[in-house]
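In what comes next, chain A is part of two complexes: it sits with chain B in the first one and with chain C in the second one.
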Partner chain A sequence: MTQFLSLLLNGISLGVLYALIAMGFVIIFKASEVVSFMHGSLLLLGAYSIARLSGPLGFFPAILVGMLITATAAFIVERLIINRLRGAPVISLAIVTIGVDIILLTELIRRLGSDILNVPHPWGGESFRIGNVGLSQNRLIAILVAAVLIALFFAAFKYSNWGIAMRASAEDGETAALMGIRQGQVSALAWVVAGVLAAVAALFLVGSPTPGVTPAAYAVALRAFPAAILGGLDSVGGALVGGLLIGIAEALAAGYQDQLLFLGRGFSAVVPFIVMIAVLLFRPSGLFGTRELTRV
Partner chain B sequence: MRLSNRSTGATMLAAALAVAASGCSTKAPESSGGGGSGEGGAAASDVITDVGIEGNTITLGVLTDLTGVFAALGQDITNANSLFWENNQVCDTYDVELDVQDTGYVPQQGVQLYSGMQDSILAMQQTIGSPINTALAPEYESDQIVNFPSAWSKTLTEIPGTGVVGATYDVEIANGYDYLFQEGLLKEGDTVGHIYFEGEYGANGLAGTQAVAAEKGLEVIEAQIKPTDQDMSAQITQFRAAGVDAIALTVAPGQLASVATVAQAQGLDVPILGSNPVFAPGLLDGPAAAKIKEDLYIASPVSSFDAHPELLEEYQAAYPDAVPSLGVVVGFGMAEMMKQVLDAACENGDLTREGVVTAFNELEEVDTGGLVVPIRGFEVGQSPSLQSFILQPADVPGGATVLQEAFEGEFATAIAG
Partner chain C sequence: MSESTATAARGSTASTARPAAAGPSQGRRLLRPLLLVALLVVLLLLPLYVEEFWLRTGFAAFGAIVGAIGLNLLVGNTGQLSLAHAFFLAVGAVSYVYVSGEPGGLGVAELSGLGLPPVVGMIVGVLLAGLAGLVFSPLAARLRGIYLGVASLALVFIGVHVLNAWTSVTGGFNGRAAPEFALFGFTFASRDPELYVLGVPFRESERLWYLGLVLAIAAYLFARNLLRSRPGRALQTLRDSEVAASVMGVNVQGYKARIFLVSSMYAGLAGVMYALSIGSIAPESFGLEVSILYLAMIVLGGLGSVNGAVLGALFVSALPLVFQRYADVIPFVGGRGEGGLAAGEAARFLFGTAIVLVILFEPAGLAGIARRVTGRGRRRPGGRVTESAPDTSSRSTSPVPSEKPAQGSTT
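Presenting the complex of A and B:
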């Protein structure tokens, strides 16, 4: 039971971080109808900036500047590329983001080298225990921060002008434009928010129990993808549920590797994708995505 | 009613691309490094030569990684190679020039770069990366190239002319177990959890654990991971539930950091035994530092700077801005081995590629002055050495000190064949 609870807690903590990243995918998709594949490198950029700046600036100012850098990078990509290609086919835009991702990632990997760059979290590697069940303080703080951010995000989405404008644009871009909503602005802000969310997720993903900033942190964003997709690529709530589902499934599959041996070693790595495929088979638009309807 | 015409299509596209992209994982790790200088060989007036020698200059190839995931290590090994050859000659006659090319750890690029240098080099001083070594194996064999990789997989010993710089991973980790038994940190019938990478690096390390387990009645809990897996919470939770007495790792430094912090958090206070690529000095700045310094034992083919302060001094004088890793020791060690091969070929009067391969095959009992474990010789399919150092992380240059000088564990001979 202790093992199960430990794994569950760990899965939830991983899941909320996946959810933060997945929410970035979702709002970008809603605002600009682009499936952004550059989240991995944005995540790494956030982690790298925070780690590098922590020395000269101190930990907390480094977080702020790191978020600013990541958001600015996302903003620049939106302004210089995505905004100019508005109306291009979905697949072209997706491939463009892959291109930008590879460029940014190559530079970051070159800078990182093979060593490990540490982010000096004030909470370090300490852990929090309830009985025999333990969770690193880093992950506990991640859960709390993510919960606050997600709540703020939902509120903003529902009540702020930006949220309303974004929902209107996603619902029907042309009508929204006729009503005076500036889609370019909505889209730019969505990319900025996604950048900030990626930087926050990165801050916790490179802390205990995972090592510091290494190129492998990039792969985490790839696992958040199935979270966004199985939740429904245009559903913010779906991203949250999808993130948790993937995080828990992955942690349990890794922890019960021996019991799942009949499925082969390393099964946990493919769990996010198996869950995603299983969900899509039954619900092609994801759990909470808008269903495609065709009048005949 | 809302008619979403893009959502489903985009979802399926994104799903397909995400699955495809996730297949692009990172690679198995390389490891640490070395140095030293050697004695000159005999004078060589009637030496036959063919490719790679112009006048009194020998050109050796270096396919390293200066911009990819092993850039820091590649830089250290390459710097050490260069520094060694600045101060040494073959046969007291020939200077050595290195043709250094950066593969970025991409096998395809490695193959292309090799074809560019193929006709101008005598041998390969260094090829970084098991995938690149494997990709180039047929060409190295047909071109009669002597090559030193900076990886220790058993499969590399199958390539004729390729000289693994120390014991292979299976022998190495078995020596590590031997040390744990000797020190009373592990006993017969205990349980060991081994986390290893998929692929040949991990499989080779695991083979060492399995061989020792068969001898000593150890129960082994195996946990295979991908190089991109960073969070070891689930694996350590599993190990703790199984009550392991030691953890073995054939992974990269990132996973070691995670193992150490999670084990500490869960109160799993057991020794951690690592294959040589698991350690990087940067870990000592992170939250796992205390646990790593206390409980990690690294089985290594190379010594550390505390045993070779002169090497560190020389390196720092030449590269004042570098933060040296043990990759420097590997770099000096492999250059010293190349020098011994070329000196022997020169003494045989044959510095052709064929002559160099012959000298390489005939080499026995290679001594690099304690930088690298003693090499018994390079026979195809066999671990070149039966010995390993045991290192312990510490706040010193290179990040580790020697806990146990090079020794041959009781399982080594049986495993090495």
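Presenting the complex of A and C:
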């Protein structure tokens, strides 16, 4: 039972990080109809900048600058590429982000080389215990920070001008434009927010219990894809639920891997995708996604 | 719909005989077959002259061409974004290695294999890959556009996991050697029978070159004919609008399932050819990167165009190898640690940039550029992916390009 609780807690901590990344996917999709396949390299960019800068700048300034760098990268991509392709089919938009992803990822992996960069988290690698249930401090702080961010995000989405503008343009872009909502601005801001969320997720994902900044962080962002799809690509709440589901499923599979050994070692990394396929079989638009109805 | 587009196609071919350009267009009509024959002769004679490196690169490129044509049928012509191509490649390659491989031990691992003739292995590989596609298609048929793209991502990860875990069949993490190909007792290897053609020794690379050439041409012709036939029109209608297609009597689910079958059979064959060209298979050869490279091929070549897929595959598969070989000649490319870019990195930078530029500026890809250079662009050709759908405001149910079918691209 303690093992289960401990795994559950780990799963939640992983899940909120997935949720942060998945929310980035979702708002980008809502604002500019783009499925961003470059989120993995954005995440890696965030982790890399924070790790590299925390030496010269100190830890907390490095986080800020890292967030800024990631957000700027997302902003530039939106302005230079996505904005020019407004109204293009979803597939070509997705492919263009794959192109950017190839460039960014190649450069980051080249810079990373074979050595592992470490982010010197001031909270270190200790773990926190309630009774027998343990969780690394890094992940505990991740849960708290993510909870605050997610709450802020939901509030902003619901009450702020930006949130309203965003929801309006997601609902009906043309009408929103006629009402004076600048589509370009909404979309650019969505990319910036997604970049910041990715950087925050990166900050915690490269801490204990994961070993430092490696190209493996890229694969983590890919596992947040199922989270976004699972919840429904156009549902922010869905991203949260999807992230938690995926995180818990993965943590449980990793924790009970001795019992799951017949499925092969490292099975837990595949679990998010299996959960996604299982859900999509029954709900092709995800749990909370808008169903596409076809009227003839 | 398929009938009417067929007529439209015929109409547009007929329109090449423009009133003013009747003369030159007739000359051009003769020129084309002549050029094709010349190209074929050059390809047939090449092994007599060029060195082994180019032949090996050529065989790898033939494999990529087969795979790219298959993916293009699915993504470019039917509008189903799939990132699962690497998975189907893996199914083909593993089946070949398992069916034709001899059982035996490899280090600690005990490998099993059926030891059947390689031709059987190749056929089984293609069929099993097709079957895998067919099994995935009910799910695929329910998903639209981008959901399919992400769902297909799952297959790649599951595939790599299985490759790593199922050691007795795949060789596990270290992979497994692929048996040499043989056809009715004639081996495609450097061994018996010793073969000399015009004094040139025909070893493995020369023999494989011809095998690749035959398979690639067969794949090319099949795709061309498929696209020109009724199913081809149906698929393109399906890409343009699923609703319109079903109203016209196209069985949407059925066609989606069948195109998945065909596309993954192409992938299976490409996988077998890949195994032959490398001589072994390993999990890392079938990762997401491979899917992305295949996508790069068809985007660079021009979505929806068979010729484009060929050009794109040639470019993407040969470039890293060429970079590697001529690393000291090409500026900025050098060995690791010499301050330059490694060959693979340079190639990836180039692909990434090329994808972005193509989508931004030349959506018809290399095929579009070629067409423009040869002056055959009668109308902005098909495979236009960045053109906006006419009715974006109504959230049109098909997220795929809503434009006239790509007849131009298939001629």
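Here, the second predicted complex is superposed on the first by the 289 of 296 C-alpha atoms of A that agree within 3 Å, B and C clash if a C-alpha of one lies under 4 Å from a C-alpha of the other, contacts with A are read in each partner's own complex, and residues count from 1 in each chain.
Convention: a residue touches a chain if its C-beta (ideal position, glycine included) is under 8 Å from a C-beta of that chain, and two chains touch if they have at least 3 such contacts.
The structure displayed is predicted, hence computed values, not measured ones.
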Which of chain B and chain C A:Ile274 touches, first, second, both or neither: second
Contacts of A:Gly99 with chain B and chain C, given as first, second, both or neither: second
Which superposed partner A:Leu203 touches (first chain B, second chain C, both, neither): neither
First (chain B), second (chain C), both or neither touched by A:Gly255: first
Touching partner for A:Arg265 - first (chain B), second (chain C), both, neither: both
Contacts of A:Ile91 with chain B and chain C, given as first, second, both or neither: both
Partner touching more residues of chain A, whether chain B or chain C: B
Touching partner for A:Ile229 - first (chain B), second (chain C), both, neither: both
Touched partner set for A:Met67, first chain B, second chain C, both or neither: neither
Those residues of chain A which chain B touches in one complex and chain C touches in the other: 35, 90-91, 94, 98, 106, 110, 222, 225-226, 228-229, 233, 265-266, 269, 273, 276-277, 280, 284-286, 292-294
Complex interface listing, chain A residues touching chain C: 35, 81, 84-92, 94-96, 98-103, 106-107, 110, 172-174, 222, 225-226, 228-229, 233, 263-267, 269-270, 273-274, 276-277, 280-281, 284-286, 292-294, 296
Touch list for chain A against partner chain B, complex: 2-3, 6-7, 10, 14, 25, 29, 33, 35, 37, 90-91, 94, 98, 106, 109-110, 113-118, 121, 124-127, 134-136, 171, 205, 207-212, 214-217, 219-220, 222-223, 225-226, 228-229, 232-234, 250-258, 265-266, 268-269, 273, 276-277, 280, 284-286, 289-295
Interface residues, chain C side, partner chain A - complex: 75, 79, 81, 139, 142-147, 149-151, 153-154, 157-158, 161-162, 164-166, 242-243, 247, 288, 292, 295-296, 299, 341-342, 345, 348-349, 351-356, 359-360, 363, 385-389, 392-393, 395, 397, 399-402
Complex contact set, residues of chain B against chain A: 1-15, 17-19, 21-22, 25-26, 29-30, 67-75, 198, 221-235, 237-238, 240-241, 252-258, 261-262, 264-267, 280-283, 285-288, 291, 325
